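In what follows, structures are represented as structure tokens.
You will see two complexes here that share chain A, one where it goes with chain B and one where it goes with chain C.
Let's look at the complex of A and B:
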């Protein structure tokens, strides 16, 4: 793997190479070089399979981190390529031409994170959230509790107790 | 057509009678994966009902409810989580945040019932089949949502600390305090345990959010001596902190100190002062220790005219004269006291009720009297030779030292006792350059002193001799000779303290220049006069009061060490507050 890395470094700008497991590696790539890097990995280094594509919202740093997980079946190693993209203008080049099923992953990210992949087939057709009108729910600024309270009614008969208040009534009621 | 083509259709029959690879339908068992997030399990014994699971739940699926057979205690709210599986999304955040690790998940996920209401239950309390199922989601090793380690407090090293009386604990910087405050889960379990029931999660939140004004306001709601308590409080709140179950409790006391340290005296005066209208009634307060000061503060805010009678030349009582400066710097105590007196409270120093002025007169001149005179009379060792020259009293030397009187201790000093006064006497002697040995009749774990004081005494080179019973004192040239007997601890049955019993042939000697006795102290009620004290009720030496801090004489209220069993500053402060409310109730009702 180190050999492959050395070769890749000749061509691409790569950072933070690390090995998580014997058969699992991660690198961080530049947004602009991502598509050519993936093409190169697939066609030259036999990372022929795209296992998944997912995102993490780093709201504090104002960015999304995308992870493209690829696999090399000859050597049985997985390589995750991380790319950081701006959170405000969340847009990334599509890779559906490299792996057809990438369009599904991209559709998912569009719906759950609001990350756009222009040109990806059916990118705007819904994924799982029918009739969703709020901000994309996997964004950290989406308030799940508020949404749940607004959208779902509580079952009748529910009652909760605040521990501190309850202890006051039980242990020192004279302070009431 | 070849022979192979003819035969090949029959090949498929060759496995007709072997075990199929596929799963047989209908499916009987569908085991979840090992770490599958199925129905919750909760170890009800381990759970303390902090409600962190409810707070983190993003679907509002959890209610905290009382459960039969689980009693509310100071370290346990008595509530347990009840989960609504109509809302639960199995995200397991509740398991991840659980402060005790009691809440986990089984890998069971199939349960069919036509009654929707059965899907709301208290895990661990309903004998579900999955309660005993081993696999399922548990927090993995090293994955922590809770920060278990306390932000370290910077302190003088023992080598530095014994050189001077500088305050040992340096206090948190803003960044450290905010980081420490971040660890709090705001469960509020600590509030009940605090004798003053301070709004601890509230002021910790204020630290976290940098809202100083709010924090100070919350402190003064229940405690007008925050700079004092931020230093020397016995912090029982920290003993029940839910973070302390698996990690280190929040440094509640240091956070309180941080808040009050951020504001200087003049600013504080402006914040706390406001014009309280006088209601025309007068209350006398005897003793200006934490109990008296607290009563004065809250009564003044209720509109009463207050006069404090203090026998010493300065206010503060035991906090000033019994706690050395390296734990409680005088300027910090003065900050608390000045803020209180600044409300327009009259105080007469060097005025001892019972000597300079009759208690009866105070009783007649005021609408109500609150006394909180503390424990001031040292217990005697009751051994031969204790009246010899060179035998001193622990409280007395601490008091003298506060007044700036030279103690003239010898090179070698022994201290007898295991309480905070003993530790402080020993540590003061160490700072004055003496070689100090401390003797205590029981084991170290039986010592009533704060654990920190014991540890710091060790650090500062105080030598400990435990299970040592003093027998007698003799003169040995210029020195004193203590004869002491090694004891063994004899079990007294369940619930009772083991008793030290002297061992035969285990008589030892110890030579010293000074012996400091610090084995406790009792009250002095002589100032009340016979007439009054005959009308008050006592239990052993403690004054009996009702829930308003009122004694059996309706006009007289009492609090502090002479009333409560815990005998610490925060309990006295709570007593003062309670009596203030009681006096207000009593005077307004009549």
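Let's look at the complex of A and C:
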């Protein structure tokens, strides 16, 4: 893996490299270089399989982190490529020409996070939410409690306990 | 940045623009109240209905996994006259198996309307009662009884097969007592149920009456 990394570093600008497990590595790449990096990994270094494409919302840093997880079946190594993109104009180049099933991941991200992938087939068709009108629900600024109370009909009588207080009262009632 | 699409206004429903002879395949009438055939005939019919409960095999949530052991030799629901049926039109009991999302409730409503009266609904699990552990989710319906009438709730997360059998026994008692009038309740409060359904199902693209 270190050989591959040395070769990659000569061509691409890679920021972080860390090893999570014996067969699991992560690198952070630049947004502009991502498609060429994935093509290079797929065609030259046999990372032939795209396992998943997922997003994390870092609202404090005002960015989304996309993780492209690829797998090499010859060496049984998984390599995750992380890309940070701007949260306001969330847009990323599509990779459906490399792996066809990426279009499903991209449709999901478009609907649940609002990240656009221009040119991806069927990107505007719905994924799981039918007729959603609010901001995408997986964004951290979406208030699910408020939305649920407004939309659904909450049944009265629900109680919540602070777990720490509740267990303290239950286990040591003499202290109160 | 504007998210989401504008609500699609459906102008052409599925039964629009059909030929006159095909139009009869769709019913344009809202559901009607069933008055019954008289006290003693209904009593006999209720006894018969209670002893042949045919359930709709539509796993709507995670609770559907508890229905499989019911069918096997260990719990054996067939000895109580309960049998699964493949289509809504042949069944009399609809089991809501746990949480229902907005996408699922659309299918639930459609299946429920396709069932023949008299029809009964059993809702499994705490998610159907008040949303359960997903009550604050963006996509989990909190109370099923605001969208379709529910006869029996079985509490638990998930209820064991024994609890489901106990629920069926409670439903039988209710049917024999003549209290399981869900279909009539739905017909009487039809506009209220439709308004609740349309409040959460945003892309309403089905006819109001389509069974």
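FYI, the second predicted complex is superposed on the first by the 155 of 176 C-alpha atoms of A that agree within 3 Å, B and C clash if a C-alpha of one lies under 4 Å from a C-alpha of the other, contacts with A are read in each partner's own complex, and residues count from 1 in each chain.
Rule of thumb we're sticking to: contacts are C-beta pairs under 8 Å (C-beta built on N, C-alpha and C of every residue); 3 or more make two chains touch, one makes a residue touch a chain.
Not measured: the values here are computed from a predicted model.
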First, second, both or neither for A:136, with chain B first and chain C second: second
Which of chain B and chain C A:153 touches, first, second, both or neither: second
Partner chain(s) touched by A:118 [first = chain B, second = chain C, both, neither]: neither
First, second, both or neither for A:144, with chain B first and chain C second: both
Which of chain B and chain C A:88 touches, first, second, both or neither: second
Residues of chain A at both interfaces, chain B in one complex, chain C in the other: 144-145, 148-149, 152, 154-155, 158
List of chain A residues in touch with chain C within their complex: 88-89, 114, 124, 128-137, 142, 144-145, 147-149, 151-155, 157-158
Footprint of chain B on chain A - complex, ascending: 144-145, 148-149, 152, 154-155, 158-164, 166-168, 170-172, 174-175
Residue ranges of chain B in contact with chain A within the complex: 49-51, 54, 57-60, 62-66, 72, 74, 77-79, 84, 86-87, 116-117, 120, 187-189, 191-192, 197, 201, 547
Residue numbers on chain C that touch chain A, as the complex places them: 1, 3-8, 101-103, 106, 129-131, 135-143, 146, 196, 199-203
